[in-house]
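Each in structure tokens, the structures are laid out below.
One chain, chain A, links the two complexes that follow: it is found with chain B in the first and with chain C in the second.
Moving on to the complex of A and B:
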């Protein structure tokens, strides 16, 4: 019988060297205690980040015009969420690479109609007020073409929207009831009632903040706060934390892709980054089966530094 | 900063962070310190002797 040749990285050679006792339970216990003491000490010295949550109420009081402009975009279905596509609606192309588009395959799973969910329905649940009721009736009874014409007129003057004396003002008379609707929407927001209305759509007990979060994400206020704290995607934000605290440094590779083309210029950047990381993760999982890559630890010989006494005895 | 029970951090880190930028690379000083500490721990683990090695006798 011929003896098969020894294959490095695949075959395990029979060990004839020395053995030494090693208490892994003791090492684990010591490591646990060290981490426990370090955690307690660092928590006492540095505490932890404690940023106040941003709500629609805080946003609309801090930057009323930005809120009103965003509410107008939601009403006229021209915001990022309104035109995103799946999983929120069918109004966009969704993220994809070639024919690969998991978002589209999964379909609309979190249905969001920004016009009704963010503006019309919350306003309809308000106590009856003649001016508001008339504006809602005018909007609901209008045809899609008329609503579209009002929306187009609004979009033209949106940048010149102003807010004073509790009212939203638009420099046009062609936007139908939009100025009145936005005035009442802004009043709701500034009082905190809109936060409650958007959460309450999910039932009595809820921790689902999807709708208010999507609404807030369409404005510039929240993104501005994130940029100040270096949390934006193009600032390696995924690995940063608020304040001067260290963040998620282990996400360096995930966030790195967002800084370079084609990831940072593609409308499907999230999907491309995710796909790239899945390929790299598969390479890591399959490392023992990939010739060349699996030889790196043997060729680097770092193990010889750790076990230098053993190799010195063998020499 | 945590305010529960009137306690706060001895060192308040709730201020805007410091960041280092070099071309496309951008990293917070806090993250850099943590990474340097991790690398230093790894190097120390490589070169630090095993505890109790002087009292240990190798056995076959």
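Moving on to the complex of A and C:
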């Protein structure tokens, strides 16, 4: 029987050299104390960031027009969330690479109807007010074609929407009840009632903020705050944090792909980034089993620095 | 019951197997090979020490719920320690990983030690991420709304909803710490069973 050849990137030589004293418990205890002191010192000197969460109340009071325009997009189902596709609805094009489109395969599992969830239902729960009730009745009793025509008329003049004296004004008469609905929606938002109405859709007890977060993320106010804090996608935002803090620096490679083509130009950029990272992750995990890749450390010879004392003794 | 019967018991067999694979002097050694003499070896134990402080500060933060640290100076300080211990944890872990890569530490039947280490790294990234989206502040709102697109594109967002605070918090304080601790324990046991990888032979310039 022949002996298997020695493979230097798979097999390790038998060690017959010297052993030295080693106190593993002492090493662990010292490491713990050093890291504890270092952590406490960093916490004392640098603290940690804690920017207050944005609410729909703060947003609608800080930038009322942006809020009202976003609410109009939600009502007319033209916002980013309304046209997102899976897992929220069927109105968008799913990200894909060739025939691969897991987003589409999974389908709608967190159903979000922006028209009803963000506007009509919260307004319908308000105490009866003649003008609001009439506007809601007009919207609900209209056909989808009529609602679509009102929506198209709204989209045309959306950029010229104004807010004054507690009312939303649209320079058109073709948008049906939209201006009235947006006026009451904005009043609700500015009072804080819309925050509660969106959260309470999950019942009395809830820890699920999917709908309010989706609503807030559709406005430009939220993204503007993030850009000021260098958190936008093209600012390496995924690995940054508010203020001058290191954030999730370990996500640098994931964030890197979002800065370069084709990832930052493709409509399926997220899927391409995740696909790339999954392949790289699999390569990292399975490195010991991949010929060529597992030879890199031996060829780089950094190990000679790590074990320099050992090689000096051997020489 | 005869001795033979006792030796056939599951408990006896398991004990023999454990002692054979990991005798006490290998589990808690008092000597080590002389080649284990570099600062790079410090980063493994530093990672574990930082993990201990991450868990300790996380437990303190958990005592009064997910939001008390916003309005308490003590809570904010503990949160700061949680943040910085996480930063140290990842720094040490990444240096440890590059060190082990440079040593090709999977050699000599240590492939699974590498694999468990790499998977622990991934579990830790997920644990860190779920922590960031559970802060209940602007940072968590922004990170969650941005991250949803990536996860949704894989189909995973339908089941792992980063906008659902309750789900993220549970993963952050229960599921992922359990996974990270179990994987770390397994990783350390494998290091103790197999020992620290010996240096390359100086003339190991043969084909892989």
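The working rule: the second predicted complex is superposed on the first by the 312 of 315 C-alpha atoms of A that agree within 3 Å, B and C clash if a C-alpha of one lies under 4 Å from a C-alpha of the other, contacts with A are read in each partner's own complex, and residues count from 1 in each chain.
Here, a contact is a pair of C-beta atoms (placed from the backbone, for glycine too) under 8 Å apart; a residue touches a chain by one contact, two chains touch by 3 or more.
Note that this is a predicted model, so its numbers are computed, not measured.
Contacts of A:230 after superposition: chain B is touched, whereas chain C is not reached. Of the two partner chains placed by superposition, A:99 touches none, neither chain B nor chain C. By the touch criterion defined above, A:246 lies against chain B and chain C together after alignment on the C-alpha atoms of chain A.
Contacts of A:49 after superposition: both chain B and chain C are touched. In the superposition on chain A, contact is made by A:28 with chain C only, not with chain B.
More chain A residues lie in contact with C than with the other chain of the pair chain B and chain C. In the superposition on chain A, contact of A:260 is made with chain B only, not with chain C.
When the two complexes are overlaid on their common chain A, residue A:281 makes contact with chain C while staying clear of chain B. In the superposition on chain A, contact of A:306 is made with both chain B and chain C.
Under the contact criterion defined above, the residues of chain A that touch both chain B in one complex and chain C in the other are 18-21, 44, 46-51, 229, 241-242, 245-246, 249, 302, 306, 309, 313.
Residues 1-3, 8-19, 24, 26-31, 33-35, 38, 46-47, 50, 53, 56, 58-60 of chain B are the ones that touch chain A when the two sit in their complex.
In the complex of the two chains, the chain A residues touching chain B come out as 18-21, 44-51, 228-230, 235-236, 239-247, 249, 259-260, 302, 305-306, 309, 313. The touching residues of chain A, when paired with chain C in their complex, are 5-15, 17-25, 27-28, 31-32, 34-36, 38-40, 42-44, 46-54, 86-87, 95, 102-103, 105-107, 109-110, 206-210, 213-214, 216-217, 222, 225-226, 229, 231, 233, 237-238, 241-242, 245-246, 248-251, 268, 270-271, 273-274, 281, 284-289, 291-292, 294-298, 300, 302-303, 306-307, 309-311, 313-314. Residues 28-38, 40, 42, 45-46, 48-50, 52-53, 57, 69-70, 76-77, 79-85, 87-88, 90, 94, 99, 101-104, 106-111, 114-115, 118-119, 122, 125, 128-129, 132, 135-147, 149-159, 161, 163-167, 169, 197-202, 204-206, 208 of chain C are the ones touching chain A in the complex.
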